[in-house]
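Two complexes are shown next, each including chain A; its partner changes from chain B in the first to chain C in the second.
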Partner chain A sequence: MQSFLDIFDIYLLEAVINGILLGGVLALLALGLNLIFGVIDVTWICYAELVMIGMYGMYYLVQYYGLPYWAAAPLVILLVALLGGALHFFVIAPLLTAPPINQLLATGGVLFILQSFATVAFGIDFRNLGIRLPVLALGEMNFSYARLLSFAAALLGMIGVYLFLTRTFTGTAIRAIAQDRQIMPLMGVDPKRIYLVTSAIGGGLAGLAACLLVLQYDVHPFVGLSFGPITFLICVLGGLGNFIGGFIAAFVFAEIISLGGLFSDLEWGYVLAFAFFIVMMFIRPAGLLARRS
Partner chain B sequence: MLELKSIDAGYGSFQALFDVSLDVKAGEAVGVIGPNGAGKTTLMRVISGLIRPIRGTIAMEGTDVIATPPHRIVSLGIAHVPENRRLFPRLTVADNLKMGAYMPGARAHYAERLDFVFELFPRMKERQQQMAGTMSGGEQQMCAIGRALMSNPKLLLLDEPSAGLAPVVVQQVFELVKRIRASGLTVLIVEQNVQQVLRVVDRAYLLEAGSIRAAGSAAELAASDTIKQAYLGV
Partner chain C sequence: MNRQAAGWIIALIALVAVPFVHRDPYHLHVLVLILIWSFAYTSWSIMGRFGLVSLGHGGFMGIGAYVTALLWNHLGVSPWIGIPVSMVTAGVLALVVAYPCFRFRITGHYFVLVTLALSGIVLQVITATRDYTGGSLGYTPQRAPSGKGLLALQFDDKTTWYLIALAVWIAGLVIWRAIDRSMIRHAMEAISEDEDAAAAAGVNVTAEKLKITLISALMTALSGALYCQYQMFISPDTVSGIAVSLQMVFAAIVGGVYVALGPTVGAVITIVLAEVLRISFGTKAVGWDNLVYGVLLVLFIIFLPKGILGSVIDRIKSPRKPSRSHEQQTVPIAHR
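== the complex of A and B ==
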């Protein structure tokens, strides 16, 4: 045991655990995007910008209106869920039968609209909640409570979605509609309603992610760029629309970033993650868990 | 119970049905027979609202079916078992059956309907947790019929239930249709397997090239020379 501990660097362990904690939030982001893609067959390029709006929501509710964090969070989740529903209703629904490139361009347009809106409305200052959570010291290792809390909340959020999808009639319809869209009316299902509910859940997950990320990062109009691309890579690596693949890929990426950051700078962690992605696209172009045909 | 009057229907500029009128009375089993491409599946889709007719009227117990949104038609008591079964292959048998009971009126009776379906198909009870797509063709057909029965329908539409099944299984499926009828359901069944279907229905229509060419009791049609020559091979 002692010899094992000798070779097992305490900093390595710390990095591995921090990687797992990061993976939880990334998995939550990936689940929201995968849900939208798997069910509605569109990609919300502006997904991370919904998170950005949610982070501003938290900032204003907590800093400006003086709400406690735990009261502001449900409001923000609801707000971004409504935003997700609105995005579907006003942008996606009219383009449902349009070529995929048009849908991509439309949600890409929403990305710039939201960024510009945030710049005009909130300015380009970096803002934070002003909440500083303590750090948990475990032997020589340090873990921030913000990360531990985020991980636990992300996990609970994902379990909630899982239970909803497997236990309820609406959840079962959400899983069914991706497998056969045409016959849904024969089941008494209105596909329009299912798409709207799915979009609201996707938005709600972005809202939950916003509540968690705002504990660790400052919010500014371009904050979406720091986790939007990585979320897309995770979804593609896991296989777009594949929930379990996305979950696993989130932790793979998080470990690469965290361990890469241990041996060098954090930026190199991201470089490694992106390089890994490119290599994987050659080896398994359809994703980690692609069904072999 | 169900009444179609002068239905014209098709896809885009292609017309598949021409002036089709038929009726199904409560408690009856009615067949629609005809060759491939005669418009039989189109007829089923028009009734369940998957496609809208160009002209004509459809009434289910006096309610205008065409004016009803497609996802509400199942609430009128019409359940459609589509061609090729169309189960959700990567959902379990239990989840497929659950989808059949989706509409609010059926959800309330979910547990009793499930018991009813499991009693009719004990095999489905054993296979509850299996992915529907991994079952044999005959089992999938049972699951598809079971899914339709979950909505507690008055009228069951069966589109080619024997398609793609082994002869022994075809026999079983038609036995099932008899049992479903005996349980009080009205059945409208579309089939290419003329010989078999004429044994389970009371009346039948002959649909050719989108038009009704003949109608009568099963015995009359089975005895008619045109049908004997073209469909029964005697």
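== the complex of A and C ==
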């Protein structure tokens, strides 16, 4: 009995730590989405599909063109950033004054486009980088380097965005426009440019997430559906547009999935996370950190 | 007015006569699919037209299909009982999620994302309980012994299915019309304009929204059950989940959410497009239909937010009539 409990606790600890590592990448995704929502006031339903395109980008650059991983990653981040900018320019900009639901549904259309584009262009096979990073054994627990690396890179990315938003003029303008989008144009800030820059940053974060996720998961055209919904739920749970709330919610969700997956199948982890989300919406409709009005 | 009624009756007779005149099984198959999906899209639009955009309808449809099939396979309950049970299940789930949503005034983005979580839950539960539901590999209702087809609601005959689907589709349109002429519609239009003002004017916002959600969820579950009984094969990806929810939204918007036949036009366009692409390009066409849908959806939302049929009707009726409440309004925020 005692030995059983020991093993159990080790597994529990391992799951908890793996949850934290997963939370890092989820927090990165949530940050990108929150940034776009906070500044432009739209939800990109297709956000996870941008990540999927980035993962394909990594796959082709590394496997097909033989670039080393560290050289391919910046290219992919740039590519997805451009894609984010294009998405804003072609789809969101014409709809800026339309009802928010229309903007949301238009990005739903983009989701269809990106998914089927990937199906047509890359086929529906599962592909992976073929890079197998070693596993770190810590006592009786095993952690893959891929997860540790992702966690570290996600944290660095978030710190980078934080510094950009607080230390540069453009960043300050972005934060200002998120607070009051009517006054800022009077202060000499061009909102069109700010929106475009913000979309590109959001895209860049998706690109970074793609570089990290491709280390752990196979890529296929529908891979976005496996973590896209979770990302939206994290953002809503944290309060749409609330960066810190999103950060905390990412770890809460990651722990639920990881621990739920420990006790039974991974799907039940997701079910628990979704159910937790619905319950939380009723307890705190405006997000974890919102003050009740 | 009499002429219009005569027109409807002639159209109805023509529709009923189709399977007796034209017996090509493939064409009938496509027609049945169009009718079933039209009904599903109409169910979505009953809510969607009032700005209650739900991405949870994939979940309701999945419940309709899986509860009916599971009851039949595991407990031998006839779909005649199973379908109402599945509808009630979906209805209860809709109320459980929708009541707090409306009570705590979760609207707009937040409502969309809560319903998204709902369809996510249904999809994951179906996948997770793979011992019973077959998981992502799909699920087949057991064939009824010969002679018991009626009890099991299984017919090999396409004509029978065509008539069933036609009847259900017409029922959907009748419900639409009933709502269109009822006080619910006026209340819901007021709510979609301004909830506070509607409440101040004496509209019971929560109750009205719940009514419309319940009707919509019940109908969607029925469409899922019908689809299951007709196709005799369901998988989580074809009847539940976020992709199906988005597909409903897409078809309804392309056809036009604000007119009764709009969702039907959407279903005709999407299904015919998919079939044409499939026949002319074969397996090479995988993905192309969705690519076209996606492009169309984006273009429609930007240029024709009222959908094809809505815009056509507007064009015919318009110049004299003042704009109705649901037309696109540009919010005059300067320099935005």
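Keep this in mind: the second predicted complex is superposed on the first by the 285 of 293 C-alpha atoms of A that agree within 3 Å, B and C clash if a C-alpha of one lies under 4 Å from a C-alpha of the other, contacts with A are read in each partner's own complex, and residues count from 1 in each chain.
Just so we're on the same page, contacts are C-beta pairs under 8 Å (C-beta built on N, C-alpha and C of every residue); 3 or more make two chains touch, one makes a residue touch a chain.
Computed from a prediction, not measured in an experiment: that's the story for all the values here.
J.: Taking chain A as the common reference, can chain B and chain C both be placed on it without clashing, or not? Answer clash or fit.
T.: Fit: chain B and chain C sit side by side once superposed on chain A.
J.: Could you let me know whether more residues of chain A are touched by chain B or by chain C?
T.: Partner with more touched residues of chain A: C.
J.: Quick check on the superposed pair: does A:Trp44 touch chain B, chain C, both, or neither? Answer first, second, both or neither.
T.: A:Trp44 sits against neither chain B nor chain C.
J.: In the superposed arrangement, does A:Arg175 touch chain B (first), chain C (second), both or neither?
T.: first
J.: Determine, under the contact definition given at the top, whether A:Phe243 touches first (chain B), second (chain C), both, or neither.
T.: After superposing on A, A:Phe243 lies clear of both chain B and chain C.
J.: After superposition on the shared chain, which partner residues are touched by A:Ile124: those of chain B (first), chain C (second), both, or neither?
T.: second
J.: For A:Pro185, using the defined touch cut-off, is the partner it touches chain B, chain C, both, or neither? Pick first, second, both or neither.
T.: After superposition on chain A, A:Pro185 lies in contact with both partners, chain B and chain C.
J.: Once the two structures sit on chain A together, report how near the CA atoms of chain B get to those of chain C, whole Å.
T.: The answer for the closest chain B-chain C C-alpha pair is 7 Å.
J.: Looking at chain A, which of its residues have contacts with both chain B and chain C?
T.: 182, 185-186, 191
J.: Going by the contact rule set out above, which residues of chain C touch chain A in the complex?
T.: Touching chain A: residues 51, 53, 97, 100-101, 104-106, 108-110, 112-114, 116-118, 120-121, 124-125, 127-128, 241-243, 246, 249-250, 253, 286-291, 293-298, 301-302, 305, 328-331, 333-336 of chain C.
J.: For a test of understanding, state which residues of chain A touch chain B in their complex under the given definition.
T.: 169, 172-173, 175-176, 179-180, 182-191
J.: Which of the residues in chain B end up touching chain A in this complex?
T.: Residues 48-50, 69-75, 79-80, 82, 86, 88-91, 95, 98-103, 106-107, 147, 151 of chain B touch chain A in their complex.
J.: Could you pull out which chain A residues touch chain C in their complex?
T.: 37, 43, 91, 94-102, 104-106, 108-120, 124, 181-182, 185-186, 191, 221, 225, 229, 232-233, 236, 240, 264-265, 267-268, 270-271, 274-275, 277-278, 281-282, 285
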